[in-house]
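In what follows, chain A forms one complex with chain B and a second complex with chain C.
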Partner chain A sequence: MSAPVLTEQAVPPVAPAVARRSWFAYLRQPSAALSVLVLVVMVALALLAPVIADEPAGAGPDVLQPPSGAHWFGTDDLGQDIFAQVVWGTRTSLVIGLAASLIAIVLGTAIGLASAYFRPIDAVATVVTDVMLALPTLPLMIMLAAVVNPSLWTLTLIIGFFAWPEVARLIRSQGLVISAMPYIDGARVLGASGWRIVTREILPAVVSLVIVSVLLTASRAVISEAGLSFLGLGDPDAWSWGRILLNAQRSGVVAIAWWQTLFPSLAILLLVLAATVAGMRFNDTRDPRRNGA
Partner chain B sequence: MARFVLSRALKAVLTVWIAITSTFFLLRLLPGDPTTLMVEGDMTPEMQAALLKTYGLDRPLWEQYVSYLRELVQGNLGISFRQIQPVVDIIVDRLPWTLLLAGTAFVVTVAVGIPIGVAAAVNRGRWLDRALQALGIGGHALFVPSVAMLLLVFLGARLGWFPIGGAIDPDTRGAAAYLSLAHHLVLPVLSLVLVQLGPYALTLRTNMIEVLGEDYIRAAQARGLSARRRVWKHGLRNAILPALTLMGLQLGTLVGGAVLTETVFAYPGVGRLIFEAVGQQDYPVLQGAFIMLAVTVVFANALTDMFYAVLNPRIRL
Partner chain C sequence: MRKTVKGRWRLAVALGVAATLGISGCSLNEDTGSSTTSTDGSVLRIGTTTDVSNFNPLQSLSKTDSWILNAMYPHLLRIDENAKKAPELAKEYRYEDGGKTAVFVLRDDFTWTDGKPVVADDVKFSAEMIMKYKLGNVAAKLTWVESIEAPDATTVKFKLSQPYAPFAEGVGFWMSIVPKHVFESAGDLSKFPNDSNWVGAGPFVLDSITKGQRYVMKRNPNYPLAPGGKAAVSQVEYRVYPDVNTMMLALRNGDIDLMGTPVPVSAVKTFQADSNIKLVKVGALGFAHLTYNMKNKQLADQQVRQALSMSVDTKSIISSVLQGDGQQMAGPISPIFSEYDNTEIQPYPFDPAGAKAKLSAAGYKDANNDGFFDELAFGVACDQSNANITRVVQLFRESAAKAGIKLENECVERNTFLSRTKNGEYDIDASQWGVFDNPMDQLRSTYLSSNPGGINYNLLESPEMDHLINDAAATTDPEAFKAKIKNIDKVVHDQAYLTPLYVENFQFAYNASKFTGFVPSPSDLLGMVTAYSLAQVTPAK
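Our next item is the complex of A and B:
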């Protein structure tokens, strides 16, 4: 369940020196530092996957081994190493999470800003956003993913396309506050075009909210990717945490091979938790009421 | 009041229509369209053409859309590609199970979430409150199949406390059948509740803290009302309304969670049907399942809104 985790308030753009100080303040919070560390480790695992473990392929002699020195996370019913699967799965989760999040952010920010400033666009955009938020997203994504050939690309597009409404709503609500500020009227009186006002005046004021949204949207995208892969709609050529869980489910050894369920589950939990906490702490840092800036 | 109910119902119908129309065209414009999916490689061109004609896939897109809508209004969702049977019959068989699962999870989340949220708001900063904040954030990071499979492995298979799949033991009759039904429901419901409870109770706590700071609560205190009465009678009533709407908005997520949970526990609802249809590329079933779930969610959401209007004295219509 995704209850709103953000507080919305207007924050004027800050000077570079203040920005540096707030980065420092941000990383001084233990939970923020820890989350950033987890994210950095995950990125390193994804980049270095070929160095850390061979890509799991084919059957091995050690079938259904519990975790041991040779196989840290145990092996599955084909004798493949679960640790290697989890490490390679990090790549899929991060790539799809980030790429889908970027699509959603670009669409959501553009639509959110446009509807905050241009009234006629707002009417249409609000209807579309409301409709998309009212629908059960997972069955919708399943239906589309089942028709196209599943690949990293198509999954990213589908997940990204259904994640933008939440971003749009968030950006719109803050954009509306900014649009009503006197300096926007000032810009209009000076003859600035609508495009200029949106891109040069309103966008900079919501940029920190956009950064927070990238993290929160990416964490939702990771969950969506795992869900689709778990239902058999993942890229058949790429390892994914959802696919490891699907294999455990399909092979009928769930009851014995608890390690095949536990370790990919922990990976999902860690990544999503780290991204969420990092985003929320960033949101707290930019709140002037909390840090007294 | 009647006007509000009517306009909310109209909005729900409009939402469903937009959803149906856009998915209809999207599905037919996508690269791998249903025509290529359902036609097996070893068919002769004549057989292919005959099959396409049977399903009406050889006609212009616009005509297909109009007849699709007409059939839909009459309750016809097409024929399953794999089990030669009307899609609507297949789904109607399965829908009660999903409603039972999601409905029970909904009620349990609200029933357990309210006391926790209120207790955390009243004891602000104490251990329960801190635990709830951690759970509220952690809940966003829980992946439904992970929770469901771990429950299945440990409480189901290892300890043997609960059945590991299905919805009912077919050999039971009468009271024993209801007991078996409840017994099978425990783990799937628990999977959904564990994921939703933290964020829900946390939102309720936030609403409650806001309400407890309102003037009318202080006025109640000045009138000498007991703390218990202030919190549970005056405060909760006002905090619960936004929490109810929030729960209504989360129905889509709840249904998505049910799809995953049913897959793990082989629970015979629409979710499990979707999983099977994915494996068989049974695309009319997928589309029908989406439409039925969308209708359910959108109208349940509209009902929550109407309920809210009835309960909230500030919206006397």
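Our next item is the complex of A and C:
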């Protein structure tokens, strides 16, 4: 590493004023605004679920009714309202998606930054990350979920634990670029500790990448949750989109009750698409090549 | 050189054509191999959900295993349309020596597919091997056998240590008869895979298998129970469809002719518009139940078990989950055994408030005022692949909450559930008993502390129950025997060791424009695919 050149500017690459402007620019893009809107609606649905619809319970006389004014999304083979199931499922999907992605982000960012700055850790962490990335995640998740008692928490932990390596790799590559920058050398010369450099100098520079990762990891976690629930490995007491699909498949009504599979699938599609587009657009607005900044 | 290139082209074109034909012909079954045989009217194609996991008919079998093996290996008795025992390989049976000797008289016209006749020695050999290696569930039914004699080719005598009334029925129905001259050379039969060169004496014998896809069975040219001395159908093919939705579509598309597994009650509408597809309804030989683990301190309390029984709305479960297509039960004896079912006892009424009052009276408290009794929280274990039971658990959890009992839904993946059941790792077991062929065997395997059948899910160890059951088992007078069974029915009901949920009806769907003549038997294990039924099937027109 070259000796620090004191005449060079040693400021972090992102200034606060730019940040506010880029948020505005971000929301001015129709696709970004739309996807953020979808996400906001989803969060509202999850928070207000008890107000919007009663928690699906019991059995009703209207079995397998197609969508109508009384049952917007139709009913299932117990006569329960699919709309209520989808709304309550939003809670589970969002909670698991966010919690799992938080686990993945915390683990991934910590490991990524540590290996970007501390050389000895890098050797080990990279190998571990590579091994984790090479593992077939779905079969492993299925195995784990089958062994432990299925609940929201175990599912979140399992999904979160298998999602960190991608984040770690992303953060590490960005962290490597940052830690080679002159202002980091400057900080080191000024006597800053490794901990301070990582948390105060490198972390702020990769924060936008972390936000993008949160969105992308959360959307992957939502898919994982739906997949595991569909396979019958979800929390049997919590409504989730995967469980609605599982109910349809298990009771053999896939061919005659299209509404029971269509609406939860659409919900999954919308949420995942919105999170992905929002993340990608956010990434674009922070991209210096695109902004010319 | 030129020729090879041309040949290769031809092969490629042929493969392409075959693939296209295959895809259009049977798009739902991945194998495209036998699109020609599919159009042959006398090939009966049956859908099943799982592969065969064990080809040894003497061992414990899954559903698909027993369908295929029961068509190959005869049994002494079968269960007919009315749930009664009917002769199969045995013409008749009787007891001698005050009930201590069971005598089976065999037919003399059964032959193995390698030409040898089926003789009494084969029966003797099969039973002795089961006893020697403790194979399958039949081993428990042979407990009392001291010796077996085959005085001539058509007579088998089982000498018993004590009279046991349902001995002949239980062994006759459950035990597969295997060819001695083939199995003898296999050595240790607990390790014998029997997965090739099959020799059978049923109407059909396995010919080839493609794991995950199909099991092809060829007709046995000599099967005396078929109308013409052999089955009218020349070949039976089991095809594997892990998903029931796909299987139903396959039946509608004409890729299969019969669904071996029952049609889920919610999906019956699928076939409403199709005039070719007929549905046949049969009863059950088992029932769905909630069984309480007596090793749990709270569940060992009779009051708690009774309160739980009062928190299950079986009537509404039958009308919603089964769409009304089922029967309520009171005690552990199914109404299908009308002679033994104690009609004096009534199911516990659905009364969550009464259950709550009962528990309060018994001293259970809700100190933290969360609406639930502090000590009463149980997990309900079930197999999540069973659509009906998972629904039941969902409804049970909601109704028990009204009685102040907190239940946790522990419906898990099938293999996890089975291993938990085996190890007693559950509070309440919600499951379905498949086939009980007689009430005495049922009570023995579900309540004896020695647990001979391995399905004492209560983990009950009660000297009183042991005494009642053993006493009934040794009773030879039919009337006294019935009275004793009815008494046990009542005791189990009073104790609320289990809450019986329902006896359901099963519906089977087949393509009536292609095949007719099925003779359905009760239960989803027997259904349309017993050896006898398959031997009676004829192609339509």
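Some points to look at:
Here is the rule we use: the second predicted complex is superposed on the first by the 280 of 293 C-alpha atoms of A that agree within 3 Å, B and C clash if a C-alpha of one lies under 4 Å from a C-alpha of the other, contacts with A are read in each partner's own complex, and residues count from 1 in each chain.
In the analysis below, a residue touches a chain if its C-beta (ideal position, glycine included) is under 8 Å from a C-beta of that chain, and two chains touch if they have at least 3 such contacts.
Not measured: the values here are computed from a predicted model.
For the composite obtained by overlaying on chain A, chain B and chain C cannot both be accommodated without a clash.
By the touch criterion defined above, A:147 reaches both chain B and chain C. In the superposition on chain A, A:78 makes contact with chain C only, while chain B stays out of contact range. By the touch criterion stated above, A:237 is placed in contact with chain C alone, chain B being left untouched.
By the document's definition of touching, of the two partners only chain B reaches A:134; chain C does not.
When the two structures are aligned on the shared chain, A:64 is found in touch with chain C, with no touch to chain B. Judged by the touch definition given at the top, the superposed model places A:118 against neither chain B nor chain C.
Comparing chain B with chain C, more residues of chain A are touched by B.
In the superposition on chain A, contact of A:227 is made with chain B only, not with chain C. By the document's definition of touching, both partners, chain B and chain C, reach A:255.
Steric collision with chain B, judged by C-alpha atoms after aligning on chain A, is confined to one stretch of chain C among 146-154, 218-226, 326-334 or 416-424, namely 416-424. On chain A, the surface patch touched by chain B in one complex and by chain C in the other comprises residues 146-147, 149, 231-233, 249, 254-255. Across the complex, chain A is touched by residues 14-15, 18-19, 23, 26-27, 30-34, 37, 136-147, 149-150, 152-154, 156-158, 164, 195-196, 199-200, 202-203, 246, 249-256, 259-260, 263-264, 274-275, 277-279, 281, 283, 286-287, 289-290, 293-294, 297-298, 301 of chain B. Listed in rising order, the residues of chain C touching chain A in the complex are 243-245, 248-249, 263-264, 266-267, 269-270, 316-317, 319-321, 323, 384-385, 387, 390-391, 393-395, 397-398, 408-413, 415-416.
Touching chain C in their complex are the following residues of chain A: 57-60, 63-64, 77-79, 145-147, 149-150, 231-233, 236-237, 247, 249-256.
Residue ranges on chain A touching chain B, taken from their complex, read 1-5, 127, 130-131, 133-140, 142-144, 146-149, 219, 223, 226-227, 230-233, 242, 245, 248-249, 254-255, 258, 261-262, 264-265, 268-269, 272-273, 276-277, 280.
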